[in-house]
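Both of the next two complexes hold subunit A, though its partner changes from subunit B to subunit C.
Here is the complex of A and B:
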């Protein structure tokens, strides 16, 4: 009963999604958006008409004004600084606009240009001090805050009456202050345009990348030749200019200068930026986040004002939000990778039937023997990690190596070797096609092809992205083994889409069907995923009927058949279930059957742990990685089975000293060649009674001598 | 060969002497007994706050919430006595509030790792808002008869020396002894010099940082008590003023580098004297409040620029996220 509940819970509850969602960058934007929605809903419940079109247009007008300032602040924070002087700059530029209009009587376009240039100059002062003189941003802008504010107060004293008395009559000015298109305020339209440009600038243009790079690591940016000082200075100037734009519209809307213009604006703006998810310290931020943060803060302050709370409450709420948001942001940034690493591994329920234990002389086909004890060794100590081995019709032996090479050994004694081709990633399964191209699965890279004249070509490294997957599964992470059908299509397995190659034991710990089988068609150069949700699909072999492939699922401990053609097209059948070990590569044998390597034998401990996902999750969370359960890969064997899935023969090595660890085997002219991914040698065994003329891919392509 | 080293405190002290002499000669009403008393009283509060700030700055932090700490707990004390509470109980409440606030600041900075300048900006705002909303009935908390005797702290004298000066001197001695004679003082210098090295060598850096902010808050409360006793009320709107910049001026001008690990109480005294003289002189000159701020801002800017040349930072030594 408990097991049944457990099975259902792990079958239908997608544990793995949490880690995948958290590791996405967009979660950092999604959380503020959710907060925004909550705030909007909460206030619309409390305050009637809070979300009416009129009220929204009003909010949009204010939001856009403040939004410009937030954009400037965001830019400065992303470059790794902070600008506290925005409030005072806002006041000064507001004054500048009204002074130009009311006292100097300049036309509105000139007023706009002068104001923005003036704002940029005020910002440039900060930029010069912080960028070129390398002062601390916080303290410097704090000082310019006082200086600008004092200057504003002094100017205000002289001109406030003149400005208050003036009533500018200008259509453009009125349009800026109160007009709009289809009910959308003019300032919001301009904000939208600037925001779209800002987004493109930050994500698509070189200067934007430089800004993010400097914020991310000023030292690295400097060492890689980015003009750090100039870029920082320009960011502060841009902050001043953007503040001036906001102030210009503010001036057009209200037309007055007062003592409290822009007082405390820096706190509002800073709260908006931090709340939106723009990290203090730099390098992380976007226009969307600035926008969302602005909206949240404005909804809250407007809502509180409508509820007519005391001024102090507003202040407390803002400061409180600022602290909470900053703390969460800082803690999240610091612990992000650790949190994701903890929740990413999500073991699931995996029930295996009782272990059919192979024993010495137990009478089953798996009975242990010592037939592999005396295999002759090839390339001992000269090759590393030959996951698969293959031979051509001239008896040359090819094997992958961990250094990213395909090594070729020469007959007859296989003493001489050379690097046949360098690919750069770990070669796994290999197969020859009809034209003697060698196709190789490269872990972490994809499917590659080596032409007979040794040219390395990429066949494919991506497939169609599945809609239900949160992780981007279009890239191939761990292409494992392949085989080629009569019409030239290549079926290859990808063992897991959730882990990198070196993390394969973790995938075993998870025991979820993370793998898939993919078909690459060289004729059309297309790649499609054909089967998903397989438990570490590994060896692949086109069966003798030419209409199906046999594939091994390592953690499923089974071999299955997939019909890609014929009357049963699209169906998957079980061929061998409940194997005593973890199946790896499958290849043809000369007597019409199949070879299968068992990379390791199952153990009762792991079988039990597979039925206890909670236990494995606790292990993944609390125990260091090198203490985790590890599937046994110390003892394995080679078995021969027929089309019906009956085991015909078994080859063991009881001591496991001469040739430990087998991931692959290939029959060739009466010999069996053995590869192992953790091995530094290739094994060679004389087979009794095998066809001395058998060359797998000549036989396969009908080129019998 | 002996070379004459120009230290910042030497320069500042010389400037102070010149400024003082200049004001004394050219400014009528500056060098009078009355004015000297006012100057020293104003300077005393500023100096005590400067000690609090120095303690934090030496440990490579900054505390922008000092003015809120000066205003709000003291205001609470006056308000509670006004509402009929006993003085000792009210004082206890004020001290508890200050202590809790210092702990919270320290926790945010040491454990939540929010940059100090940012954390204290927000907490100061929060505390000021709290006072405005929940604690006080009026912006200026008035004196009440229950406080009789307390005003001696601001207006009395000991051996002819006004009490604020005595308080400042006492605070100087205590802080100097703490910084120079106790191991915790040495630890704070170590943290300011290189927090990572301090941590790697086994110092309990986090509790020590909390200690710094708690001490700074308590010293801030003391400044508030002296201020309230001097003026017979607590004008809580002082929070909106630019007094915090005066405090930073005192510390930076006195020669305590913002990079931490340098300076001591003597620097605070020198900085206090200079700023006190400057502010007093400007007040006598009848400069407007804004003009005074402008001058202060420019002087502070000059001080910070000088500081950056004396304690240079570049792309290699700057800490990431150090804003």
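Here is the complex of A and C:
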């Protein structure tokens, strides 16, 4: 009963998504968006008409004004600084706009240009001091805050009456202050335009990337040749200009200069930026986050004002939120990778029928024996990690090595060896096509092809991205084994889409169907995923009917058949279920059957642990990887099976001294060649009664000698 | 209240008591391969204990006690109807033996035929070591009230705490408990007025005063200690029959998994320490056990291990002899000195080993 509940819980609750979502960059934007929705819903419940169109238009007008300032602040924070002088600049540029309009009586377009240029110059002072003279941003902008504010106070003394007495009558000015299109305020439209440009600027244009790079690591950015000082200075100038735009619209809306204009604006703006998820550490931020932060802050301040909360309390709430947001920001940034690492691994319920027991002399075809004890060894200590082995019609032996090479051994004694081709990633499964191209699956890289004149070419390294996956699964992470159909299509397995090749034990711990089978068509150069949700799919072999492939699922301990052609096209059938070990590569045998390597054997303790996901999750967190309970891949065997999935023969090395691990085997002219991914040798075994002329891919392509 | 909450928090987060850290082999316990290189004196498949009376080496092999010569020749000394689980040569010429863990009997000598089957109202269940106190009384350790000596792994996996140490006066009909509720008592040795006890599942060596006061002599061992015997030059030989691993420590904290494992899986395939390992692919494999390029790393977490520690008179480790993960002389349960040699019983491969003491002392000084 408990087991049934457990099974259902793990079948229908996608544990693995939490880690995948958290590791996405957009979570840091998604969380402020959720906060925004909560705030909006909360206030609309308390205050009637809070989200009515009128109220929203009013909010949007204020939001856009403040929003410009937040954009400037965001830019400065992303580049790694801070701008405390925005409030004073806001006041000064507000004054500048009204002075130009009311005292100098300039036309509105000239007023706008002069105000923005004036704002940019105010910001440029900060930029020069911080960017070129390398003063601290905090102290510099604190000083300019005081200076600008004092200047504003002095100017205010002289001109406030003149400005207050003026009533400019200008259609454009009124449109800026109170007009709109279809109920959308003019300022919001301009903000939208600037925000869209800002988003493109930050994510798609070179200067935007430079800004992010400088904020992420100033030294690295400098070393990469980015003009650090100039970029920083320009960011402050831009901050000033954006502040001026906000102030311009503020001036158009209210038309006054008072002593409290822009007072405390820096706190509001800073809160908006941090709350939106723009990290104070620099290098992380976006326009969307600035917008979301602005909206949250304005909804809160407006909501509190509507609820007749005192101004001081209002400010205190904002400061409190800023404190909380800054704390979360710094803690999250520090622990992000640790938290993700803890929740990413998510074992699932993996039930298997009771372990069948091959024992010494138990009478079945599976009975243990010592027939692999006498294999002769090729390349002992000279080759490392030959996962797969293959031979051509000239009896040359090819094998991968963990140094990223394809090694070729020469007949007849296979003593002499050379590097046939260097690819760079770990070669796994191999197959020859009709034209003697050697196709190789490379862990971490994809499917590669080595032409007969030893040229290395990439066949494919990506497939179609699946809609249901949070992780981008279009890149190939662990292409494992392949085979080629009569019409030249290549079916290959990708063992897991959640982990890298060296992390295969973690995938075994999860025991989820993380793998897939992919088809690459050289004729059209297209790659499509054909099967998903497989438990570490591994060996692949086109069956003799030419219409289906046999594939092994390592953690599933089974061999299945997938029909890619013919009347059963698209169907998957079980061929061998509940194997006592973990199946790996599959290949043809000369007598019309198939070879299958069992890379390791199941153990009762692991079978039990596979039924207890919570146990495995805690083990993953508390026990170091070297001490984890692993699938036992120190002992393996080779079996021969027929089309119906019956085991015909078994080859064991019980002591495990001579050939401890077998991931692949290839029959060639009466011998069986053995590869193992943790081995430093290739095994060669004389087969009794095997066809002495059998060369797998000559036979496959009908090129019988 | 706060302590209980803290314990709960520790349990959830795997800290404090729930942490699965295991001390490393360090200092005097620095690994070597001395034990692996020891001379094999004899193959004794069913042996449980070994001791010397100063003249001859006695081995409890199955149901018999044999005298083993340095060249491996065996001479039967006594035969019983049950398995001998412990033996101790007495000063008066007799031999004290434990039969099937449930009876302690004296064979030969003036007190021949004396036997005890209970102490403090409870029958013996798993007597696994006997020592002779200076006053002639016997001190025995009774490992567990629930499982017999062969099923010690069950006791560990059941988190057994029913071990006791009992003093048997030659005249008294019943023994007197010196200590109880021990987490598997396996080995006793008189040390002055006190009695040394190795408490296996707590990985420590205790000294118990005649009034019952306990003193921790050696704590936080990376191994499960077995018998302890006095060494000729002062100090003691402490043997260890298995080493701790983080995985076993983790499993010991996973109650549900442990219960299901004990119910559903054969004991030889449990995640538990064993006396020998690597025989079947059905055994659980840990990450570092993966044979890479044909090599099994000796530092891999030991499913079985061989270790003998030489302790000073104060009970501090001076040096140690190892047989590491890639070796076979594992599961050391008894040590005895005789004629310039240290004889050891490796229960894993069923071997009696010996090492020249002079070489060991030289090794210790080096």
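A few comments on the model shown:
Keep in mind that, in the parts below, the second predicted complex is superposed on the first by the 705 of 705 C-alpha atoms of A that agree within 3 Å, B and C clash if a C-alpha of one lies under 4 Å from a C-alpha of the other, contacts with A are read in each partner's own complex, and residues count from 1 in each chain.
Basically, a contact is a pair of C-beta atoms (placed from the backbone, for glycine too) under 8 Å apart; a residue touches a chain by one contact, two chains touch by 3 or more.
Computed from a prediction, not measured in an experiment: that's the story for all the values here.
Once the two structures are superposed, subunit B and subunit C can be ranked by residues of subunit A touched, with B on top.
Residue contacts after overlaying the shared chain place A:703 against neither subunit B nor subunit C.
By the document's definition of touching, neither partner reaches A:571: not subunit B, not subunit C.
After overlaying the two complexes on the shared chain, residue contacts for A:626 are found with subunit C alone; subunit B is out of touch.
Applying the stated contact rule after C-alpha superposition, one finds that A:334 touches subunit B and leaves subunit C untouched. Looking at the shared chain after the overlay, A:282 reaches subunit B, while subunit C stays out of its contact range.
Once chain A of one complex is fitted onto chain A of the other, the partner contacts of A:228 are limited to subunit B, with no touch recorded for subunit C. With both structures placed on the common chain, the touch criterion links A:146 to subunit B but leaves subunit C unconnected.
Across the complex, subunit A is touched by residues 62, 108, 112-115, 117-119, 121-123, 125-126, 128-134, 242, 245, 248, 258, 288-291, 293-294, 296-298, 300-301, 304-305, 308, 312-316, 318, 320-323 of subunit B. Subunit A meets subunit B in the complex at residues 80-82, 129, 133-140, 142-144, 146-147, 149-151, 153-154, 157, 217-219, 222-223, 228, 267, 280-282, 310-320, 322-323, 326-327, 330-331, 334. On the subunit A side of its complex with subunit C, the touching residues are 355, 384, 505, 600-601, 603-606, 608-609, 612, 615, 618-619, 621-635, 656, 660-661, 678-681.
Those residues of subunit C that touch subunit A in the complex are listed here as 14, 20, 245-247, 250, 254, 256-257, 260-261, 264-266, 269-271, 281-294, 300-301.
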